[in-house]
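Below are two complexes that have chain A in common, paired first with chain B and then with chain C.
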Partner chain A sequence: MTGGFRQSTSWVHTWVGLLLGSLLYFIFLTGTAGYFDSEIDRWMRPELPPPPATVDSARAADAALRYLNAHEAGAERWTIQLPGHRDTPHLVASWPHDGHMEEQALDADSGEPLATPRETGGGQLLYRMHWRLHYLPAGAALWLVGAATVFLLVSLVSGVVAHKRFFSDFFTFRAGKGQRSWLDAHNVLGVMTLPFQFMITYSGLIFFAVTLMPWVVSAHYGAGPAGQGQFLAEFSAWQAPAAPSGTPAPLAPVAPMLAQAEQRWGRGSVQVVEVLNPGDASARVQIAPVLTGPLRNVEVMVFDGASGALLETRAPSRRGTLTVAEGMLGLHEGLFAGPVLRWLYALSGLLGTAMVATGLVLWTVKRRQKLERDQGRPHRGLRLVERLNVATVFGLPVAIGAYFWANRLLPIDLADRAGWEAHALFIAWGATLLHACLRPPPRAWVEQGALAAGALGLLPVLNALTDGQHLGASWAGGDWAMAGFDLTALALGSAFAWIAWRLHRRARRTEAGA
Partner chain B sequence: MPLLALALACVGFAGLALAMDRHHQRLWKRPASSAARWLGRAVGLLGLGAALAVCLLGAGGAVGPVLWLGLLSVAGVVVVLALA
Partner chain C sequence: MNQIPARALAGVAGGYVLAQWLPLALMEALPLDRVDTVALALLMSFAVYVAAILWCFAARSAWRACAGLALVGLPCGALLLALGRWP
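On to the complex of A and B.
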C-alpha cells in the first residue's frame, strides 16, 4: 500500500510539476526580484539624486507640507512618506486625484520637486508580474496564478511524500552522476528551503482567498463588488474619515507631533504622515511608524490638525483572523525585513527558483538516460520539453536583462515607454524560445547561458556609459541601492558565465566522444 | 549577530550530518561509532538551538524565528556543498 501510495504521489508530482513548471519558474524569479523592488526602482530612475544621507523628519515633513499647501490645497487627503527608509528613500508627497494617487518626489530640505525621472515600470512592474502576469486581463491572471499556487502546494506535499529518504538523504549531493545528481540537487534545494516554500505558497494563497473562494463572502454580504467592498472594509476595520466642517483653519505645526511620535517609537522611525481634510477645522494628522514586524496593522498616533493636540494613540487591531491573515501576508512580502533578512528572503527565493529549474531538467534527463539505455529514439514530447526548458531556465534571465537594457536604450520621450520596456522583456523571451527551437539543446544551453551572462553582467557597464552612474560614483556617493543593483547584476552575470563555460566544456567532451 | 547565528547553524548541521554513516565514512573512512553518533546529534541540537536563541535575543520574538529559518536554509546548503 505504501509503495502504491508513494508511486501515485510521485506521478502527481512529476506531471503537475512539468505542466506548471515554466509558469512557476516565472512566478518564482520575478517574485524574488520583488524583494529588491525599491532598489530596482532606483536603478531604473537614474535621474533621481542619491537619497539624502541624513534625514531630519520634521524638516522633511515641513518641506512636503509647503509643497502640498502651494499646489494641492483642495485635496481631501495628503500623504507624506518621509525619506531615509528602504522603500521610501526620497521624500514623497501624494494626494488622491480622480480615483488614483498622484505623487511627487521632493527635495527633503527645500521641498522643491526633484527632477522628473524617465517613464519606467521600474521594479514595481517586474514584481507585479509574479501575481498579475502581463497582457492578460486581471481576472484571468489571478485565476491562473491562483491555480498554479494551489498546484505548487500540491507539488510540495507530494514531493515530500514521494521523497523516499527525506532524512537519510538530508545532506546528500552526489555530483557528476547524471540523473542521480539532478535528483539530489532537486531534493536538497526543496528540503533545505521547505519552511520558506510552504510559507510563501500558503500565504500566496491567502492573497487569493477572496478571488478563489468568492462564495464565502457572497453568502454573507451578497454577490458583486459592493458586497466584497463592504466585507473588506469591515474585515480591515477601516474607518471612513469625518466629513470636513467647512470652517477653514490653518494646520498646526507638525514638528511637535513628530517629536511626540519619535519619542514613542524611536528616532527616525516615523515613515508616514497623513493629513485628512487639510485646511479645515476638522483636519486630522495621522502618524505611522516604519514596519518592524510582519504585522502591517500598526499603532497610529492621531492629532487634531487645528490645535495640534494628541487625540489618541490608536492601538492596532489584533482580532484573531485579521492577525493571522496579516501575519501571513506580511511574511510573504517581507516589507519589515532589514538588509540581512532581505538577502535571506532573496536567497530562499533563488533556491526555490533553482528547485523548479532542477525539477524541469530532471524530467528530461531521466527520459534521455532511459532512451540511451534502451537505444530508443527521443519522443516528440521529450524534444519539446528540452527546448522549452532552455528558453525557461536561461531564456527568462536573458529577458529580464532585456527589460533593464530597454530602460537605458529606449528613447526618453518614447510614447508608452514603460509599456515598451515590458514588451522588450517578452520579445526577448520569445526570441530565446525561437533560438532554443533552432539549436540542438546542449548548444542552446551554452549559448543562452553566455547570453544571460552578458545581459546581466554588463548592466553596470551600460549604467556607466548611458548615465555615468558607474560603481565608483554610486559607492562613493553612498547610493547603496544603485551600487547594490550593479554588484548583484555583476555577480549573477559571473555565475551564468561560469555555468555556461562548464556546459561548453561538457558539450565539447560529448561531441568529441560521439 | 546574524553571522554568529549562521556559524552556530552550520556547526549544528555539520554535527547532524557527521552523525550519519555516509558522511562520517567520507571524511574519516569508517562508519560512525555509537559515541560519535551521539556526539554529532548533541552538537547538532545544541548548535541549532543556540542559533535560535541568538536570533530570538537579537531580533525579537516576531522576526527572530523568520531569521532563524532563513539562516537554516543557507547553513544547510553550505553544509551540503562542503560535504559534496
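On to the complex of A and C.
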C-alpha cells in the first residue's frame, strides 16, 4: 500500500503541480511583496514628504479633528490613524462616503492636507493580487486560490508522509548534477520552509472558510450571505454603534483621553482614534493601540464624546475559537512584526517562491534529460512548459518591475492611472510570454534574467530621475521605507544579473559543445 | 498509478462533502454554543478535507477509497438530516 501511495501521490504532485504551479508562484511572489506593502506605498507616492521623525499623539489627533470638523462635520464616523507607525507613517483622516472610506493624509502639526499624491494602486494593490487575482471576478478568484492552496497543503502533507528520507534531505544538496540538483533544491527549500508553509496555507484558507465551506455555516445560521453575515457578527462580537441622539454637542478635548490611553499602553502606542456620531450628544471616542502580537482583536478604550469621561476599557473577546482564528489570521498577515521578523517573513516567502520555481523547472529538466538519454524528440507539451516556465519564473519579476516603472512614467493626469499601472504589469507579463515563445529556452532564460536585473536593479535610478529622491537623499533624510525599497530593488536586480550571467556562460558552453 | 482520475474525483468531491459533514456531526457531541460550533467546525474542515484527499490516494483501490468515505460520511449526513441540521 505504501508503495502505491507514494507512487500515486507523486503522480498527483507532479501533474497538479504543473497545472497550478504558475498560479502558486504568482500567489507566493505577490504575497511576499505584501509584507512590504507600506514601504512600497511610500515609494509609489513620492509626493508625500518623509514621515515625521517624532510624533506628539495629542497634537496630531487635534490637527486631524480640526480638518474633519471643517470639512466632514456631517459624517457618521471619523477615523484617525496616528502617524509614526510602520503601516500608518503619516497622519490620515478618513470617513465613510457612499459605502467606501474616503481618506486624506495630513500634516501632523498643522492639520493641512499633504500634497495630493499621484493616483496609484501602491503596495496595497500588489498585495491584494495574491488572493484577488486582479482581473477575475471575486468569486472565481477566491475558489481558484482556494483550490491551489488546498493542493499545496496536500502536497506538503503527502511530502512529509510519503517522503522516504525526510530529514536527511534537509542536509542533502548535490550541486552541478542536473536533475538531481533541482530535486535536491526543491526538497531542501520545501523542508526548510515547511512550518511557514503550513502556517501560511492553513491560515490562508481560514480567511475564506465561510465561503469555501458554506454548509458548515448554513447548517446553523441558514443559507446565503445573510447567515454568513450573522455568524461573522456573532463570532467577532461586533456591536452596532448607537444611533445619534439628534442633540448637537461639541466634542470634548481628546488630549486627556489620549493621555489616559498612553498611560495604560505606553507612550506612542496609540494607533487609531475613532469618533462615532461626531458633533452629537451621543458621540463616542474609541481609542485602539498598535498591534504588538498576532492577535488582531485588541483592547479598546471608549470615552463619552461630549463629557470626555472614560466609559469603559473594553476587553477583546477571548472566546477560544476566536482566539485561534485571530491568531492564525494575525500570523498570516504579520502586521505585528518588527523589522527582523518582517524580513524573516519575506525570506520565508521568497524561499517558498523558489520552491515552486524549482518544482516547475524540475518537471522539464527531468523530461529533457530522459529524452536526451533515449535520443527522442521533445514533444509539444514539454516545449510549451519550458517556455511557460521562463515567462513565469523570470517573466513575473519583470512584470512586477514594469508595475513600478509605470508608476513613474505614466502621465500624472492619466484617467484610471492606478488601473493602468496594473495593466502595465500584465501587459509586460504577456510580452515575456511572447518572447519566451519566440526564443530558444536557454537564450530566453538569459535574456529575461537580464531584463529582470534591469527592471528591478535600475529602479533606484528611475526614482532619482523622476522625483529627485535619490538613495543618498532618502538615507540622509531618514526616509527608511524609501531607502529600503531602493536597496532591496538593487539587491534583487544584482541577484538576477548574477543568475543571468551564470546562465549565459552555461548556454555558451552548451552551444560550443553541441 | 492505478485509477488516478477516480481517486482524484473521490477525494476532491467526496472529500469536500466529508470535510463539512464530519466536523458538523462531531460538534453535536460537544456542549458548545452555535458560534463555537460553527467556528470549530470551520477550523477543522480543511484538515478533514486534506486527510480525505490523501486517504483516496492511500487506499488500495478507488472502490475502497469511496467505501471509506461513505462509511464515515453517510452516518454523519444521516445524523445531520435527522437533527434538522441539513445544510
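A few notes on this one:
Note that in this section the second predicted complex is superposed on the first by the 512 of 514 C-alpha atoms of A that agree within 3 Å, B and C clash if a C-alpha of one lies under 4 Å from a C-alpha of the other, contacts with A are read in each partner's own complex, and residues count from 1 in each chain.
One rule holds for everything that comes next: contacts are C-beta pairs under 8 Å (C-beta built on N, C-alpha and C of every residue); 3 or more make two chains touch, one makes a residue touch a chain.
Keep in mind the model is a prediction, meaning the values are calculated, not measured.
Touching more residues of chain A than its counterpart among chain B and chain C is C.
Judged by the touch definition given at the top, the superposed model places A:M192 against chain B, while chain C stays out of reach.
In the superposition on chain A, A:G293 makes contact with chain B only, while chain C stays out of contact range.
Look at A:F426: by the touch rule set out above, it reaches neither chain B nor chain C.
Applying the stated contact rule after C-alpha superposition, one finds that A:A209 touches chain C and leaves chain B untouched. Of the two partner chains placed around the shared chain by superposition, chain B is the only one that A:F336 touches, whereas chain C remains out of contact. Looking at the shared chain after the overlay, A:W475 reaches neither chain B nor chain C.
Once the two complexes are overlaid on the shared chain, A:W501 sits clear of chain B and of chain C alike.
Touched by chain B in one complex and by chain C in the other is not one residue of chain A. Looking at the complex, you find that chain B touches chain A at residues 2, 13, 16-17, 20, 22-23, 59-60, 62-63, 66-67, 69-74, 76-77, 79-81, 83-84. Interface residues of chain C, counted against chain A in their complex, comprise 1-2, 4, 7-8, 19-21, 23-24, 34-43, 45-47, 49-50, 53-54, 57-58, 60, 80, 85-87. Partner chain C is touched in their complex by these residues of chain A: 1, 4-5, 7-9, 11-12, 150, 153-154, 157-158, 161, 202, 205-206, 209-210, 213-221, 223, 231, 234-235, 319-322, 324-325. Interface residues of chain A, counted against chain B in their complex, comprise 168, 170-175, 188-189, 191-193, 195-196, 292-295, 331, 336-337, 340-341, 344-345, 347-348, 351.
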